[in-house]
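Shared chain: subunit A. Partners: subunit B in the first complex, subunit C in the second.
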Partner chain A sequence: MAVLQFREALRDAIDEEMARDEMVFIMGEEVAEYNGAYKVTEGLLDKYGFKRVIDTPISELGFSGIGVGAAMKGLRPIVEFMTFNFAVLAADQIINHASKVRYMLGGQASVPIVFRGPNASAGQLGATHSVAYDSMYAHFPGLSVIYPSEPDDAKGLLKSAIRSEDPVLFMESEQMYGLKGEVSEEDDYIIPIGKGKIKREGDDVTIIASGKMYHVVKQAAEQLAKDGVEAEVIDPRTIKPFDIEMVIESVKKTNRCVIVDEAHPFGGVAAEAGFLIQREAFDYLDAPVQRVTLPDVCAPFAKNLFDIWLPDAKQVIDAVNTVTYRN
Partner chain B sequence: MAEKIEMPKLSDTMEEGVIAKWNVKEGDKVNSGDVIAEVETDKATMEVEVFDGGTVLKILVSEGDAVPLGGTMAIIGEEGEDISDLLDGEESSAAGKEKAEEKEKKSTDKSEEEAKKEDTFDPILEDVNEKESEPEADTSDDERIKASPLAKKMAKEKGVDLKSVKGSGPEGRIVKRDIENYEPEAKKPAAAVSFDSEESEDIKISQMRKTIARRLSESKFTNPHFYETIDIDMEPAIKARTDLNEVSDVKISFNDIVVKACAAALRRHPAVNSSWLDDVIRKHGDVHVAVAVAIDEGLMTPVIRHADKKNLRQISAETRELAGLARDRKLQPEQMEESTFTISNLGMFGIEEFTAIINPPNACILAVGAIRDVPVVKNGEVVPGKKMKVTLSSDHRVVDGAKAADFLNTLRQMLENPLTMLL
Partner chain C sequence: MAKNKQEAVFTPIGQNHSKNGKFEKSVDLPPATRKKHTTLGLSDDDVVEMFRLMYLQRRFEERAMQMYQKGKFGGFLHLYIGQEAVSTGTVFALNDDDDIITAYRDHGWGLVRGISAREGMAELFGKATGCSKGKGGSMHFANTEQHFWGGYGIVGGHIPIGGGLAFANKYLDNGQISTCFFGDGAVDQGSLHETMNMAQLWKLPVVFVVENNGYSMGTAVKRHTVGEIYERAKGYGMKHACFNGMDALTVYENMKEIADEVREDSEPYFVEIRTYRYRGHSMSDPQKYRTKEELEEFQKTDPVERIRQYLLDKDVLEESDIEEIENKIEEEVLDAIDYAEESPSPEPEELYEDMFAGTPYFHDKK
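== the complex of A and B ==
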């Protein structure tokens, strides 16, 4: 195992896939000469040249369209957004084209493309730069959504995403690029899309969280253990397809579930997972499933309000206390 | 002028006294200094004397009943005197109680009347009140049982009727833990064998039993006890005792030797001769050893004061005298106070070893077992030997394991080399 930063794990994945398959290329704002807005693509221009590491103008819809077209013709583009908050400009290409081409052409073409970049909030960035889009993209048939929490997951899953025959949205976080973690040194390390991981075992409650929220839950679980509550923490890693089998198996053991989601509550991942759990594990539930999400309010800029807005360990502990009837 | 005879404070810790015996009855003449009653306190049975003579006008408490400190037991005055004033204020008396009940009844009658008045005051309001109370009645009729899906499934599997389970979740929801903790009402035995029931007996709890119950519960629940046991070679002590009894006019018992050895060992280990007093730990300057004495109604702990400074003859004579007084319930409170250590010996009952509950405010108590004939290994050969086990219970707030062990080792050394007690 090597200890790598999240951005280094991503870079290794891209580098390995570019070396392995010359159809793979990356494009986006500042990915080439500036070495990436968050230095994910550092050194790739030197290694692969302007043909495969391409700086784009500030025109998300345009370069996403180029990507979709290139993918349809057999290339494997990686489109980097400086943040998914800017990718709403490219929503037509992602939602109306990338996701539907295979379906509308009766399987005559596919779109093997990865759209990647930081997702959700990263401190005081204001309402328009703080949105979590994983639930929204997961809504559409034909798209896979991945939101890893640790460097190892990031590497294994990004390699799978690049090899996918269909479009994948790969979500990162500005606040996690510097996060260090052990990363497998296995040759060609692949984590299949759609497989969650039990990151902490426990018998008292199942807590589900991906991406940045996994780290909030990890902290809450450590605190809960001190109070004698052993939480089983599942990181689904892939938002869609969602690893409901792993969750159901865990809930059958713990009988209680809390879902933590960095998005707004209505129609979010927590809503979908909560529905699936009640349908598949109804007779095993000892309490209604609880969720911890953002409120139905845009991100505030003021720090004091922002801190209340974003789910924290205390909110997670409160929800666990509710489902375990401890309050 | 008639006067009340009130329950006196006969020991430092008494809160109430039980009239063990009246020596007088109503109408009797009494003189100053006469003992009119015997009162059982938490420590002993004590005599109650009167200061002023007169005629016993009223006895307010029957034998066997408890009176709180300062409560009136009797009224003494001149024959024919009107004592209704004194009786009026007497609430602990039966008459007083009746009065109080009457008063209470009157006041409830009154409030009922007032309530009636209010009821009839505004019929419109009454109507509104009734309407408001309706939905409440509805919910109480709701017989739907709320249970989590898991609880329902578990109940079905276990054959538990949810109606008989009390829910601990919100709005009485039955949840997993309620099914897990559910214990059905005592099931009838499968075989219908019947036995005639023998009658049970409820025994009135004596003052002494109350005191034992209170003090020992407090000790066991408050003091973190720990226990250390050693096995002592008693052959040297047996020999020493035989030799001593050949010359002593007072018969020295093994218990006396244990008391003496403990007292000497306590002098060397002041940490064991200590008390936890919440804000400080007091190392006592004196060594006062209490000896538990079993009597019919319970047990008492007379104290051999300055046991470390007394010789075996003195200890033996004093123990015998105090034990006799204890058995006759004649021990005075001061003869049971200020102990710094306690010894409980069940050796004469054939008990091999036991653990005793610390006698507060002591930090330790020594439980002494019987001297047993056991095979011992001496010089590589198995030979008959005499051994005695003692177990020290210690309050861990005051004494730690190693300190207790040090004390026990000194005790062992003294009993195995009785001459060292003289050092």
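== the complex of A and C ==
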């Protein structure tokens, strides 16, 4: 095991895949000369040159589509967005083209492309820089969505994403790039897309969270343990495919579940997982499933409002207290 | 200081815009080439084949229209009738492995790039034997094996993808160029401008081609876009051209030069080909936005009639030879209709096929 920052784990994954396969290249705003807005691509230009590490203009729609076309001809583009908040301008390419081209042409082309970058909020950045897009993209058939929480997951899953024959959205967090964690030193370390991970075992309640919210939940679980409540924490790691089997198995053991989701409540991961749990484990539930999400309101700037807006450990503990009838 | 108050007018009505009873045409056609096919490097067989392909596109669509009206299939049906010289001149100008991508008005493009009348008609009918297995329909003909990357339904959406095909060709250094066709309506989309900027900046071997057929649905070109379309290229320092698209030889001559140049120096080109759509935008278009006079004027320059007459004038074929070709095509198209009718619909399991190249995953599929 090596201790790496999240960004280093991502960089290693990209570097290894670029070394392995000439067809892999990376493009995006500031990825080359500037070494990446968040330094994920640092050093890659020096190593691979301007052909494979490409600075783009601020044209999310245009360069995403160039990526899609290149993928259709057999290249394996990694398209970096400065954040997924800006990828909204490329939604036509991701949603209408990357995910649909293969189907509508009757299987005559495929689109092996990775769209990656930070997702969701990163402090007081205001309404347009703070949205979590994982469940929105998970809505669309044909797209895989990955939102890892720790460097090890990030490395193994990004390598899988780059090798995928189909489009993948890989989501990170500005606030986690410096996060350190142990990363497997296994040669060619791959984590299959669609497999969750039980990151803490417990019998009293199942808590589900991915990405940045995993760390909020981790904090909450430690606090709860002091009060004698042992939470089982599941990090699905991929939002789509969603590892519902792992969740159901855990809920059958704990009989209670809280889902923590960094998106707004309507139609998010929490809504979908919650529905599946009530259908698949109805007889096992000792309490209605609870969720902790953003409220249905834009991200505010003011510090005090922002702190109310973003889910925190206290909200998670409250929800656990509700499902364990400790409130 | 009272100013004369005028009601704001944003898009003046098209048809009533006539001057002294003379109508204003939606597109002005530049003159056609005067060169003979032999001077252009085309053999007699080549022009005969051009005629054959153009007549095939015409009859395929005329019959498709009848079938649509008879209720044989549903969905959208956008006809290319009137624009066949563009597809035909272009495929003769390109190498067989050069890429073509276009919008939803794509039947003609499919037919000139290897989709048989049978596969095309079956696609319209939504049959398993269609070129896209009945998954795409009229708007999504494709034959990627012959480098026809398909028709796309989001106006302007396929333009960056056309740029991406060129990017891949440059990356792979394979000597192929890519050509991306779209309507005058798509000129107004940001996707074009983002892609043109990157194409020029990165010197992508791509030809962007506007098939200016006078209208974006019911909106005449002058009512939806400013200035001359081809001049947009100037803002990007891009090479550009504008020529007549009602004559296959003119399209061939120009596209050949352009394709050769793009292949040679790997720099993009922006081309406006002036043409005309004889039918409505789609099948549900009463065409109130244009005059009968205008349509009749452009019908005098019918590209299929023109090449037919050319073959006779230049003594390449006699009337009887032409009739033989026409009869054969008529049979081919009628056979295609039978084939489409008799072909099976896709099996229900097909609903879940062709989504993924890798491991399939369908959320909550029992």
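Please note the rule applied: the second predicted complex is superposed on the first by the 327 of 327 C-alpha atoms of A that agree within 3 Å, B and C clash if a C-alpha of one lies under 4 Å from a C-alpha of the other, contacts with A are read in each partner's own complex, and residues count from 1 in each chain.
We adopt the following convention: a residue touches a chain if its C-beta (ideal position, glycine included) is under 8 Å from a C-beta of that chain, and two chains touch if they have at least 3 such contacts.
Please read all numbers here as calculations on a predicted model, not as lab measurements.
On the superposed subunit A, the two partners subunit B and subunit C both fit, without a clash.
Of the two partner chains, subunit C is the only one that A:Pro57 touches; subunit B does not reach it. Once chain A of one complex is fitted onto chain A of the other, the partner contacts of A:Asn255 are limited to subunit B, with no touch recorded for subunit C.
Look at A:Met72: by the touch rule set out above, it reaches subunit C but stays clear of subunit B. Contact comparison for subunit A: of subunit B and subunit C, C touches the greater number of residues.
By the touch criterion defined above, A:Tyr284 reaches subunit B but does not reach subunit C.
Think of it this way: put the two complexes on top of each other by chain A, and the tightest Cα contact between subunit B and subunit C is 22 Å. Common to the subunit B and subunit C interfaces on subunit A is no residue.
Remark: subunit B residues 148-153, 168-170, 175-177 touch subunit A in the complex. Against subunit B, the residues of subunit A that register as touching in their complex are 255, 282-287, 325.
Of all the residues in subunit C, the ones that touch subunit A in their complex are 99, 101, 130-136, 140, 142-145, 149-150, 152, 154, 157-169, 171-172, 178, 190-191, 194-195, 197-198, 201-202, 353-358, 361-364.
Interface residues of subunit A facing subunit C in the complex, by the touch rule stated above, are 25, 51, 54, 56-57, 59, 61-75, 92-93, 96-97, 101-110, 112, 138, 141-142, 144, 164-166, 194, 240-242, 276.
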